[in-house]
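Below, each structure is written out as structure tokens.
Across the two complexes that follow, chain A remains constant while its partner is chain B and subsequently chain C.
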Partner chain A sequence: MRGFESEDPILRLAGLGKRFGHADVVKDIELTIPRGSFTAILGPSGCGKSTLLRMIGGLTLPTSGRIEIDGEDVTYTPPQKRPTNTVFQSHGLFAHMSVHENVAFGLSLAGRPREEISDRVADALKLVRLSGFEGRTVDRLSGGQQQRVALARALVMRPKILLLDEPLSALDLKLRQAMQEELRAIHLDTGGTFIFVTHDQAEAFALGDRLIVMNQGRIEQAGPPGEVYARPRSRFAAEFVGDANFLTGKRNNGRVALDIGVQFDLPGPDGMLNLMLRPEAARLHTAGADSREDGRISVEGVIKEVVDLGPFAQCRFDLGGGHHIEISGIPRTMIGEIAVGSRVSASWPKSALVDVTP
Partner chain B sequence: MSDASAPQRSTGGALLAAPAFAILAVLFIVPMILLFVVSFWRVRNFALTPDMSLDAYTRVFVTYGDVLVSTMANGSVTALICVGLGFLFAYAARFRAGRWGDALILVAIITLFGGYLVKIYAWKAILSTDGFLNAILVATGVSAEPLDTLLYNRGAVIVALVHFLLPFAILPIYGQLRSVNDIQIEAAHDLGASGRQTLIRVIIPQCRIGLFAAFAISFLYAAGDYITPRFLGGGSGTMIGQFIAQEFSTRFNWPAGAAMSFVLMAASLLVLGLVGILFVRRKPS
Partner chain C sequence: MRQFRALLWFAVIAMLVLFMLGPLAIVVVFSFNSGALVSLPLTGFSLDWYRELFSSDEFWAAFRNSLAVAVPTALLATVTGTMTALALTRKSASASVPLLTALSVPIMIPPLVVAIGLVVLYVRWLSIPLGIGAVIGGHLLLTQPLVALVVSARMASFDRVALEAARDLGATPWQAFRYVTLPQIRAALVGAALLAFAISLDEFIITIFTIGSGNTLSTFVWGKMRTSLDPSINAIATLLLVVTIGSTAIALRMTRYRG
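Our next item is the complex of A and B:
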């Protein structure tokens, strides 16, 4: 799998792999990360995303491949000598130190002068909105505040790359969203390079300007989040970044025949075919509205189940013969018209179908 | 929720603590008070006579002053060695032994089954003139003749006490090392700390209470012991516990024994207090 091409990469991974015993946790990663980007690494638990992050930070040594930061080979450089800092999932704050001492820890080890340390600690705490908390002991802070101290402790080092290992996953939803907003602001403020690991698709999209989907130790797909969502390259990527319908069929001489009984032209090699359709890309047509616009694929079916989600509704649409698709993003105004059991038509543009045939 | 159940919990807590408290009160506090009263009495014609005399305390300092100092020194050295070795062992079990850590601690505890007198006799066998160590020294040519200086001195007492007390020192240190989580150690490395800096600035500060507990347990036991010095101590290894036992038994001088006990206790608390300030005090940053 290819990563991003970038003219000014801060990080380059080449053939990076990690084997624990007989298990390849991370396999043959090729990736470059541009300077100043905010990359989200998304994947299910056990996909190797944390191991990948730990290898970048030097906390886990790779068993194969190479890591370059800013053109320098750091594959076997210990963490204390790398220009990276990590924010851990369970923060790892030093329980016996105050907020100030925690944030100052790295700088005082580096032997910075006292005035510089206190200035930079104050700046970092201001950045995470914890000014005035210097003297507190960390166990008297809330979960969100602790995570912000951990963030300040890493940011104060001005790392070339800030690594964040699911730092928000222990927080409740409201706090998590507020912290996401702060993280975005801090990224803009500092102009640093952030790499963020998460299993939460919404969080990856909310934060990252680059998205890397990982599965079973490999990069499944990498690109801007919108592109990964709209043009997933595999069934896994399609399902992991959102809801998806899959339509199977066959192609013969550029003519596609889907199992749901629709035919249309779509160039490509002959053989079995698996096409992905996002639920919100399909539109319902009630009361005989014309659905046969150019370039749209139209199907007839029966409404099976309607779920009112508030701003929108979604429904299960039975196409007969055991086939059905989910349709979402149905506007409120239509909810009255789509009674369960009614026979209507639905359509979607041909361009909304994405080939995810393995 | 915790507020609502708090009163209940405190009555429950008092009930749970009651049996232990009763045992301590009957078997410790009451005898202590009696002993304290007796320490001001006198002995006349082998009979205890109530009095308000400080004779017994004078006797302690005049006759046993140097033994008291030597006892404190032996206790402190024993405790420091226990804390040092105990920390190394606990550290290895926690950070170097992986999943065998708990097994190592279990092994340390199992050595307690060896019993106390058994260990004393074992050291006697090892250190005596025809003992194990001398056999090795002679066989390897390190020494031409068996040394008779290995046994019956301060060193022999301390070695045997350390052997016996080490598991008691390991436990509290290990308990505290377990509460230092691995993420903190990774975070320290990530922020630029070497292994040594992590040890000094992150790990040790977080187990100061455990280190102090280890010191206190080893010290109190060692300073109060009278069996080990009696069997292994000889001249330089005598400790005040032996003389307290003598005052109570063969000399039938209960006031003197009681006064010595209280002086020993006060001196021990003084040492612990000083060490406690060093160990537990928060370092100014």
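Our next item is the complex of A and C:
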């Protein structure tokens, strides 16, 4: 995995913002994207992720800041002169043209020779596994095939950056998974830089080698997906990339007292504290197994609800005093031992707690 | 009973057809009849009325004027109406619907009022001489909103993302219009242009108020009806019928319109 501050950035955004009327849709974005990376921009609808992508592609003009692609300032360059191409959520295929004409559109506008166009169109269609579909009209294609024509139409231009705006959200689950696999393969094949916008965290993790979490027009956190998952910097990021338990408490002189009645040492500033715990980081201990290992935090509680998910189970664990946590990733072999209402202990390593205090 | 109802329906429909198409048939039939009166019995096949028409300088002058008005009207209305429709599609519905309605006011108020207003405007305020140009101006008022309505209706189902995709793939705004928008709305444009042409060709009230001197086909026919009701009027009507049906058929074929 590449480091986040790359030596060779293809894209640099500085203080980028977009204001519609009185609403700041995108606020003061600072970001560099390394060449050859596959970046997923993840956020809820209305967080400004699509607007950010449109500004990179030149389809929306920013109201402040700067966009550099490959060292060149393109902030106010019109879309037709940018080395970017976009795959749109609703495809935007040319309904009056055949598959071949759709894919050839950009190259013929650029005035490439006829042989080059047909070679490159054939290559692009082969890449998206649509060889032999050249003569079809696009309205005779299935949703997945249309999606792949849109992809080929953008890829054939060999953009420095390929922008994908929720391209898979219109597809059903099976097709989506197949397309995710294809996208990964195409990214490896072409070695291009892909930026992918999605509201689906599973998709972001499946595709991206870098993750940017956006909220209310700002970047909440950016980094490798695993790092964002394991060390979220805010409650929002923690919840948006997965399930999370939050444990509130106070810290005084490096001694933490959680509201669930546990105390341990954790250096840091005094004051209120909000710690995040992933449900799969906690472990249940049945039959009085020793849970007081070094560096583990142990609690007593009552099993409230067990959901059998097939490979694993998850449960709601009542800690008393109105506090409870979710514990997941419980192995099948334990399901018989954790009856609802039974009193057991649970533990987790201190290192699994992530400080998300605002 | 059922048979009787079917028969009744057939009779009603037959009478409707007869009532609507009958006058057309009479016009066509009598334009080829040798007698000078439009009455039965038919006196024999003849092209005399066409011969008389084609040898009349007045007819050719009116014909030229009609074309000189209808062709520019159709072209200008199509261009400005399309530009109006394209501009309106960028606005929200709450803005575009009132604008389109405001633009359509000239079709909704009586042509007589429009005609009087135009004459006052031309003569008193703008000092534009009455004539062909003044007629074109008046006809634009009637035809441009129709073109805008037709094109707007077509644009409602147009995929605007395709335009962005075109820009993204290297097209200038003009190229995006030329290669993506235009091919998809071409049929609507040809239809709208023909509609404007047909409306302009037989428009009478605005024409007679603003033409000053000279005739178009509609004012020529009107003048002839006031002086002599001879069958050469039938010949003109038949010609107009052929031109309208013929051009529509050609347009439908050109635009590959099916159904």
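To be clear about the criterion, the second predicted complex is superposed on the first by the 354 of 358 C-alpha atoms of A that agree within 3 Å, B and C clash if a C-alpha of one lies under 4 Å from a C-alpha of the other, contacts with A are read in each partner's own complex, and residues count from 1 in each chain.
Operating definition for what follows: a residue touches a chain if its C-beta (ideal position, glycine included) is under 8 Å from a C-beta of that chain, and two chains touch if they have at least 3 such contacts.
Because the structure is predicted, anything quoted here is derived from the model rather than measured.
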Should the superposition on chain A be reported as showing a clash between chain B and chain C, or a fit? clash
Considering only touches as defined above, state whether A:78 meets chain B (first), chain C (second), both or neither. both
Thinking of the overlay built on chain A, is A:148 touched by chain B (first), by chain C (second), by both, or by neither? neither
Considering only touches as defined above, state whether A:18 meets chain B (first), chain C (second), both or neither. neither
Does chain B (first) or chain C (second) touch A:96, or do both, or does neither? both
Contact-wise, after the overlay, does A:49 reach chain B, chain C, both or neither (first, second, both, neither)? neither
Dual-contact residues of chain A, meaning touching chain B and chain C, are 57-59, 78-80, 84-86, 88, 90-96, 105-106, 109-110, 150, 153-154, 157
Chain B contacts chain A in the complex at 181, 183-184, 186-194, 197, 201-202, 205-206, 285
In their shared complex, at which residues does chain A touch chain C? 57-59, 78-80, 84-86, 88, 90-96, 105-106, 109-110, 150, 153-154, 157
Considering only the defined contacts, which chain A positions touch chain B in the complex? 57-59, 78-81, 84-86, 88, 90-96, 98, 101, 105-106, 109-110, 150, 153-154, 157
Given the complex with chain A, which residues does chain C contribute to the contact? 159, 161-172, 175, 179-180, 183-184
